[in-house]
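Sending over a structure as structure tokens; questions will come in a sec.
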């Protein structure tokens, strides 16, 4: 297999992981980490221009190219952020060098797994990759080895592996459905082949398969009521991992779901996946919105906001149609950027305040103006207020939905409003009021955070035609 | 395929479901482990038979894995662990045996109904297999949610995996990648579980999940 | 043009000169009805002259506003009064302010007077203005409702038009007009602080309203305010006359002798109005301040009723 | 050209905001930013005025921004030009005022950037010509004003105010979003041009109108959606309060007019009834609330609610007449409403400036601690007096002119064929009259307690006249109030193109009328000449003064207040704001606020002081908002238990989800 961008996307993280696992010394490894992610990003970007041919295992089309570039980009910025973050963790002794090494290695493994999941053409391979990603994150969530961390990791692990099982069962069912049509063997698991012949599959089997896949991968997406692992995993793990989880892993799982949705959409007899996704999406949205109110832990709060937004995205894709799909893609991209930016900010906040309890922070805009306003900007963005990107996607989702089925739009709007109120209820006590907690200067690199927010801002005002055409094309693919 | 092949496969798959019920019935850890070993054994047998009738030699590997790891290694390991950690021996259930059984019946019925909607161009064996596999999976889940202590849940999880393997082998000509991935995932699962039990032991004196739940989020 | 101007000027002078006389006339009548001798008719003039002779005793904490207000009040009231057709319709400037504007002019006079009541910062002034604005807040809407009735019937808020319409036989007898008349009279009583709302003759009573407001005024300021008060009274009477007894209000371009006739008719109306007022005042007692809202509420209701009944009564 | 200028100035303001972030902390920032805003808004004002007075053709431009396949459409037609004038004039005054007032700002870096951005947002809203751009600018406007409300964030009330404000604003935005979504249709034709062309069906139009009423109304402060307004407006720095109260609420009116008269298609018979009822109730409730306040800025904020009610009455009349094909009457009503929009922006800004000046001079917003300021700050007192007279609708000022027009429109109601309206409109007229009278009472109280009497606190006694810029701004607006009052004809004519664009008819031109009077319909019907009334008053007042000073004695002696001979040493014996409102509270409050007084009178010989406690309820808050908040809270608590489940219970969630889905599949056919 010749070395091209595709293999680069996979090989670089793999090699880097191996290196980082053995190399000592925090500074060098952190740099190496950044270098690796940069290289991966470059390879991924080149996929836009040179599209390698579709093989039995790997595939690149417009859909996953978007995801790959997004993933590698956020992976890159997060590695930059994690450099400064981990340095601080070492200083205060929350992490020891061996764990840092382990952390960096795992980081690259995670990158590898996610990229693999995205470019896999074989549904079995995709499954393997996603499970790999899950297990690595399980290990990273538990890295602090506090009671809470272990408990979160354990919860994540148990729920995750049940998800694994369900997804696998779904995959098997898809194969069973494909086999009579395509014939035994490898072909019956190659997505590009499946989607071509999906019309002839046995609908009943497909439906059953989709239900298992929906629950299996939906657990990873964090849709209520399958979400339980998500808040704690975000709250207890290292913040860069929270950023990657919210920003990327959820997307990857959602991507898998989308692939199978397209499969079902191609079959006339199968049940429409839309209603299921809409229901789960709305449930997640409203549920998460209400959960925001009683949060005392800042990271857990934003974890719930991730659930909320995953709900919105799932809803949008469930609605389907050019506008809604476009909005869904846009929302997903914007959410990845924004949420990771928020977690960057939150990481620094937690470090300067020495706690994650919201009650112990206050007047952040007084003590740390840059950080505080950055956080506010992030929350404003995530709350869907203009002029940032999420406003546009929510505008498109709501308006297009209301014209088609008002009742759903009402629920959607209700959820959005409740969520916004919850977010700002907490934000007020964090960013405003009399300063609370230590006000030592934060030694942190704000570059990643503001880079993300800058992109989100730009997208909210102006989207380059190329990107738009791209998204529209993908939206068309999603049908 | 000939009649006899079908019947044997059917018999094995069916007995797998039966043993799942047996697991549900147990209220002592050791007994549970033994029954699970039986479960794994039956699985191995059924996989082997599939290998024979499909003359797919690679399935023997799966059978071997099932036999060695699931039927022998893991029960023993868990047995040792119970002794080491001195976990109290009986299984705390959430709901009584009877209602659990009834629920199990319902689940099996549900599995059948769902599978019977499948049109019959899939060969009958695969269909039966899937029906049974689905039942086993559901029963495993049921076990996980009705058992209070970790070992019980782990066993439930493993029997769920068994159901997967059954389905996978039932799916004729499914590429090796799947079996390997199953074994692979279970392997990882056990490594990680091992790590966890280990860590957990060094931090708490029990694998009882409730002890973990004491440190639920936001309780600070 | 010149003639119109002179007529307009005559009108202004007429109301100005007649006002104190009318006040005195009412006082005299009331005294007579009470079997008292009563002051001479020209007593108000004498009072005004006396006041203008006296020096002004200004409270120490009074501001410039306190000294400006009397002129403002007088100006507003006088302008309002001089725009109401008394003996001749289509006055030169009567179109510059219709009925609503006239009410607003009176409103502004009250506004400034109430401010003056607060200016010195005494408790009496406060009582006066707070009660005054309370009364006004009910009297004004009632007045506007009355205006609505009349205006909707006459299809105009222009006094001259309304008057000529009222004089025309097209009007006939209407329930709503009757109600409007009652409302107008009640409002007029309230606005001029007559019994039973307020007692222009009292002092040192916690129940007084208007007098409490102007308590701190003395000398020429007081004179102006007194004069404005009389003007206001005349204004209301001539408003009633113009709206509900528009006979003798000559159209434009009539010869001076007929105009004189009109003026005489006007004085006659004033006399009748004054007599009725005196009769009314002597026949009832003053009510508690917090009964006043009910009194005015009735007026407001009547006005509203009148506007609504307009549909059933008559040819619109 | 004019559109380009307007857009350019918006861009300049945005750039200014960015610049302000950079230099926010430096001392020079305040004069630079506000000076620049004065400059920019002045230019934009000229452009807008040129567009409006020139009655030029609408200009449109599409920028490659916003929703990609639609782009950002901007359009400057008569309506937006008029509102742009309102915005820019208000912004001009506010910036001028802030040149002086801003110096007292403790944290300028929290005000300057958002101030400029706020101005830009308001400008863009009126220029926007597609749903996305509109809502973007709209919410941007809300967001920046929210930041300004939060600028003094150490005060807990301000944080709460900002919170309520942001939620209500987003609520309104979402309502508008739904409305636009409805008008745009499923294929998402978001441009206003497309919506105009679409001619929506009756039901769609109806829903759009209701949503517009909710969305725009919540921003404008229509009862019962006003709850945020009296909290947020006072919390902001005073020049921002002036902008929020005087200008931003007008942007909401613009949104409503744009949707109701242009986009939502032909009006149904009941639209006007809804709008009229809402307007009347809003007017009266607003002024009643205001009367019960003793915080100067909150009182002013509640008066904004009242005036919004008056404006909506005018709009409702316009809708009514338009429904029944009476374009000229509709034009009169709309003119009245828009003229009042302009007037209110003038005197409300003026009054807030005055409040700001008082605030900086004394540090007090509570009228109970003020008094006697007319001696300490005469010019401010004079300007404030003009404002009070104007908002109380006293001739010859502008407030009266527009209310007079509204009354004239009401008097046209008998020509309406609908009996419901025949009955309703005069009743609304009664409400209008009532609110006008109460407003006068309220401003007697506001002015009398704040500026007249004797100082009630040392701070008030030590107050000093405010700075030149602030005075300049206030006097400018006061002069504008007078001009608009005596020459209403000019403004009516300026509004003609707006009427023509929206209703296809306009009021008769007023400039030809002798003596610059205004004649809405016919001379015989009604006419009003502010100029002449003004001259008359000057003349007669002057005459009186002349005569007095000729004939009467000019002797004058200062002496202690007479006060019926009661020795009255302490300023505490003066009427306070609460006691001044007491009679009115007894008349209206018992019904509207369930107000009750409990007097505690100690027996003779007891040395305890007698106490009078007044209890009032904000029924709207207690019956609408508080229960809602409770429901949310309870739901949050209930759901929050899901955070504390055991792993097994979470698993059973997953399990039950699976079973349910399988059941669905089993029954699905």
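Worth pointing out:
Every chain is named by a letter (A, B, C and D) in the order it is written, and numbering of its residues begins at 1.
Here is the rule we use: a contact is a pair of C-beta atoms (placed from the backbone, for glycine too) under 8 Å apart; a residue touches a chain by one contact, two chains touch by 3 or more.
Predicted, not measured: the structure shown is a model, and the values here were computed from it.
Looking at which of C-D and A-B shares more C-beta pairs in contact, the answer is the pair C-D.
Taking the mean of the C-alpha atoms as each chain's centre, chain C and chain D sit 35 Å apart. The geometric centre of chain A is 31 Å away from that of chain B, both derived from CA atoms.
Here the CA centre of chain A is 44 Å from the CA centre of chain D. Between chain B and chain D, the centres computed from C-alpha atoms are 69 Å apart.
In chain B, the residues that touch at least two other chains are 114, 117, 141, 144, 153, 209, 212-213, 216-218. Under the contact definition stated at the top, the residues of chain D that touch 2 or more other chains are 643, 647, 651, 654, 658, 662, 665.
Applying the touch criterion to all chain pairs gives A-B, A-D, B-D, C-D. Residues of chain B touching chain D in their complex: 94, 107, 110-111, 113-114, 117, 138, 141-142, 144-145, 147-148, 153, 209-210, 212-213, 216-219.
Within the complex, the chain B residues that touch chain A are 114-115, 117-119, 121-122, 126, 130, 133-134, 137, 141, 144, 153, 157, 160-161, 163-164, 167-168, 171-175, 177-178, 181-182, 184-185, 188-189, 192-193, 196, 199-200, 203, 209, 212-213, 215-218, 220. For chain D in complex with chain B, the residues that touch the partner chain are 643-644, 646-648, 651-652, 654-655, 658-659, 662-663, 665-666.
If you check the complex, the residues on chain C that touch chain D are 12, 52-61, 63-65, 71-72, 74-76, 78-79, 82, 93, 95-98, 100-101, 104-105, 107-108, 110-111, 114-115, 117-127, 129-131, 133-134, 136-141, 144-145, 148, 151-152, 155-158, 161, 203-204, 215-216, 218-220, 223-224, 289-290, 293, 300, 303-304, 307-308, 310-311, 316. Residues 64-69, 109-110, 131-132, 135-137, 139-140, 143, 150, 153-154, 156, 159, 162-163, 166-167, 170-171, 174, 177-178, 180-182, 184-188, 190, 632-633, 635-637, 639-640, 642-643, 645, 647, 650-651, 653-654, 656-658, 661-662, 665, 668 of chain D are the ones touching chain A in the complex.
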